[in-house]
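There are structures below to look over.
Below, subunit A partners subunit B and then partners subunit C, in two separate complexes.
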Partner chain A sequence: METIAAFLEGPFWYFSAAVFVVGVVGRLALALSLGSSKSLSVPRGSASAGAVRAVFSRFVPRRDFYRRIRLEVIAGYAFHVGLFVLLFFAAPHVEFYKEYILGFGWPTMPRWAFIVVSEIAFAGLIVLWLRRLLHPVSRKLSDAGDHIGSILIFFVMLTGCLALGEDHESLRLIHLFLAQLLLIYFPFSSLMHTFTFVFSRGYIGAGFAHHGVKA
Partner chain B sequence: MKTGTTVNRHATRQSTTWLLPVVWLLLTICGTAVAEEQGGGAVPNPGIELWRAVREGPPPGVSRSQVEGIGMTTLIAEGGERWRQLRSNYVAPWGGWALVGMLGVLTLFHLVRKSPERFDGSSGKVIVRFPDYDRILHWFMAGTFLFLAISGLILLLGRYVILPLVGPQAFGAIASASKEGHNLFGPVFIVSLTLFVLRFAQRNFFARGDLAWLAKGGGMLSGKHVSAGFFNAGEKILFWSITFGGLAISISGLILVFPLFGQSRELMQLMLLVHGIAALVLIAFTFGHMYLGSIGLPGSFNAMNTGKVDADWAHAHHDRWHREAEEKGLIEKAPS
Partner chain C sequence: MPVDMNVAQAFMEQVQEMGKMEVPSKLSDQERVETAKQVIRDGINAQLAIDLEACVHCGLCAEACHFYLASKDPKHTPIRKLDLMKRMYRRERSPARWLYRLFVKDVTIDDLNEWEELVYDSCTVCMRCSLICPMGINIGGGVAVMRAAMRTADLMPVEMRLVGQEQAEKGTIFGVGSEQFVQTLEELRKTGLKIPLDEPEADILVLSAVTDIVLFKDTLVSTIKIMNHIGAKWTFSSQGYESANFGYMTGDQEWQCAASKRVYDAAVACGAKTVIVAECGHSYPTLRWAGAELMGKPLPFEVLAPSEFLGREIQAGRLKVKPIGKQAKFTFHDPCKIGRIGGVVDAPRVVLDALGVDLTETEPHGVENLCCGGGGGNFLITRALPLRLKVFELKMKQFDDTGAEEVVTSCDSCMMNIMAGTMAHQWPKPTHSLMDLVGHHLA
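And now, the complex of A and B:
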């Protein structure tokens, strides 16, 4: 067990973190290097302002669609906000960042809040994944990579919660190993939307504003 | 040569030797008599009164403890041992065997029953039985229930089934993970159950025709279809079993997970039994549901997979619903 722990906390941790960082930066650099074709039309609005507006306005669904996508919106926010809170405010995570990455920590949430947030995030993730599987259009649009991403995140979250007792090292190591697999898989999957959503929204928003489209 | 004193001592020893067994016999008789007078053949434990008092517990208001809380002045909770025996000797083994028995009954039923009718989609028509939201809700609840069932069974039966296979260290980790996961997913199940009941209750009230369906056993043995609406009586019984069984599991689970409201030890023990028995019954019912929703009734699984069922299947198993759908023009052409 000690050998496995030394491997996961040593070489494999550095490898997975390096793949994550190099992969994410590389893919973003590649996307940005493609640039955009210069529009020859007369600008009808500020492209920069349009880009910023689109990045934030898309957080709120259009009223016309909300009734039809209510479940997806609620589940989407439950999962994404929940995951963000767990990732950055769960005490074991902050301790890990402090020890292995940053050298400093910050206030964490109490255990009861951890459990409530986990439950909300789980409910959101399960509903989103079920929709992907059951909605005829989503099912056709989804590929194996989407399902692998969902399953991997589910098991990373699950093993983290199963290790909450903090009385078995093996459970913590399983969680750590799956989290490292996720780090390695991340840059090569649709999970990159964590970063690329800003650029894609901004790109579309800038184009719309340039052409005077209010959307 | 023996002196006179030595001879006298020898003679005295010889003359008193016969006294020893007599004295031993007298003492034994007296001891037995005293012991019998004190209530039996056993030698009394000098601390018996003390331990009896400890087991009975102090009268209310007499004892105190530096640690405040319910049961803090109780040294030995005698009811706990009775509860443990009830759980270990009856609930766990009988519950485990009941589940195995249910699987056996279903297997036997599958082997002896008349082969169920298959619907290969030759009608070329389908009806939407469960839209997306209904299926998402069903699988959301089914997924959480399955997770809770597996983790709960590990906690109830793992000591007898898994521990001998994997050893104490691995089982310790499995049990710890099961306990944390079970407690975590419990509230998620309550949310899914609530949404499920709110969504499906209206279509599960008993109506005319349900008694006739029940009287004919749903035609399961005869192989003849019995008239039914959107849900047949068997499905309605399952729905209300899930509703009330789920309610019992949820309430007892909340009492167990949040021991913050002054729950007594006896109440917690009772809730553990209610929780376990209700869960075992629901798991057994779920085996039947899974069988009938898949290989037991070919064509049924489509209802919860794509949401659409073959029109012939609908006509055979839910003729009244099929007629309604026909009247409302809800029968569609099957996608090619």
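And now, the complex of A and C:
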């Protein structure tokens, strides 16, 4: 067990973190390096302001659309906010960041909050995944990569919950191993939207704003 | 005033005849695939690459698409129209292409044949899908690249191909060229209208459109009356008069550039400070937003949509109209190329307010308005008519829900599409051009 722990907390951690960082930065850099032509038309509004606005305004769907996608919006928020809170405020995670990455920590959430947030995040993830499987549109669009991403995240979260009791070192190591697999898988998958959404929203917001449209 | 439905019927039959023609391609299947792939590959810029990386395949864009809402067929999901582009990106441009090539299929002629319907018949490039997308993916921009690729591979609806070629090679559309335009003006002069043509100097160059000559002549007359009413120093040009640009709609940049250049040269020749396009939806973004890129420099004149021009003149007090009154209820249909893409949303409402009409808006309207299904050249595609009519049922319901008795819009494509729907569904509500409505109520 100690050998496995040393491997996961040592070389494999550095390897997975390196794949994640190099992969994400490389993929973003290559996409952005393709360049875009600068518009020569006289703008009706500020593209920069439109870009910034779109990055934030897209967190809330327009009223007419919201009526059609209510379930997806609620499930999406439950999963994403839940995952964010777990990732950055669960005590073991903060401890990990302090020891292996940053050298400092911050206040964490109590155990009861962890359980509540986990349940919310799980509910969101399951609803989104079921929709992906059952809705004719998302079923047709989804590829193996999308399902691998969903399954990996599900098991990372599940093992994280199981490891919460800190009774079994093996559970913690399984959770760590799956999280590291997720880090390796991340740059090759649509999980990249975690970073690309800022740019894609910015681009569309700038384009619409140039035409005088708030989008 | 509402168009003569017999004339409209005859025009649509002429277009339908065109759809029956066969225009064989000189390209082999292999050449088609290679040329299409090349255009797609070259068309993927940073924005599209980021967009393709950002898509999580949620399919929410379907809920904004009039074609999906009408058909409920997942193949009409907007982002799926970029599937071939995504495959090309992954296999040839993505940093992980060495990995993707192992399991992402290459583009084949069968794929291209299938995609022709998806990027032409069932997409009007209305950009509504980009409003709902949580990632803000520019699906319309991607479809424009796909159209360019299909065009170079000779895979496009025969009507659009024929009309595009005709405009590029002969400078005519549906057989209407400079000669017919000048003849039309001569006939109108006989009614007593003062029509400046090819003036050596003018502040405003006014464009027309083929549809105004063959279908909506009242709109042309109204345009002339309005220009004379405000006392502007304006002119038509016998060389640069056509607003329609089938290069823009088909995705052929050479055609697009040639058509825009004719207008550009005409405007520069008379020193126009303003160019007013006709009520021809796509012509506004073609010149206003893409014109400068095509010419390689900022345009030396401003470009106005008709509704934008009317709104501005009313607000400046130069255009005075008689109130129509509240005896009839109206609703306004925002053309997607002028509203959502063009950014002209408030101006038509300023005009309708000045006309004092009883206006009830559709839900949604303005930037979020649902496309009528006729934009992007779709109104020309005969084989797409059944799907287009299903889309029109959505519009019809929206119009009916307002309780309005008459519809106003400011786009010939929308007008023709609404008329086609009107005839097919025996829908009794007349549709007006905004320009024409103003022209008939000048103070």
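The rule is short, and it goes like this: the second predicted complex is superposed on the first by the 214 of 215 C-alpha atoms of A that agree within 3 Å, B and C clash if a C-alpha of one lies under 4 Å from a C-alpha of the other, contacts with A are read in each partner's own complex, and residues count from 1 in each chain.
Simple rule for what comes next: a residue touches a chain if its C-beta (ideal position, glycine included) is under 8 Å from a C-beta of that chain, and two chains touch if they have at least 3 such contacts.
Everything quoted here is computed from the prediction, not taken from an experiment.
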item: Subunit B versus subunit C as contact partner of A:200, first or second or both or neither; value: second
item: Contacts of A:42 with subunit B and subunit C, given as first, second, both or neither; value: second
item: Partner chain in contact with A:146 - subunit B first, subunit C second, else both or neither; value: second
item: Touching partner for A:22 - first (subunit B), second (subunit C), both, neither; value: neither
item: Subunit B versus subunit C as contact partner of A:123, first or second or both or neither; value: first
item: Subunit B versus subunit C as contact partner of A:163, first or second or both or neither; value: first
item: Partner with the higher number of touched subunit A residues, subunit C or subunit B; value: C
item: First (subunit B), second (subunit C), both or neither touched by A:71; value: first
item: Which superposed partner A:136 touches (first subunit B, second subunit C, both, neither); value: both
item: Touching partner for A:33 - first (subunit B), second (subunit C), both, neither; value: second
item: Shared contact residues on subunit A - subunit B and subunit C; value: 135-136
item: Residue ranges of subunit C touching subunit A (in the complex, touch as defined); value: 44-47, 49-51, 53-60, 62-64, 68, 74-75, 77, 79-80, 93-96, 99, 130-138, 141, 285, 288-293, 296-299, 302, 340-345, 363-364, 367-368
item: Interface residues, subunit A side, partner subunit B - complex; value: 71, 115, 118-119, 122-123, 126-127, 130-131, 133-136, 158, 161-165, 167-168, 170-171
item: Residue ranges of subunit B in contact with subunit A within the complex; value: 132-133, 135-136, 139-140, 143-144, 170, 172-173, 176-181, 183-185, 187-188, 191-192, 305-307
item: Touch list for subunit A against partner subunit C, complex; value: 26-28, 30-37, 39-42, 44-45, 54, 58, 61-62, 64-65, 68-69, 72, 76, 132, 135-143, 146, 187-188, 190, 192-193, 196-197, 199-205, 207-208, 210-215
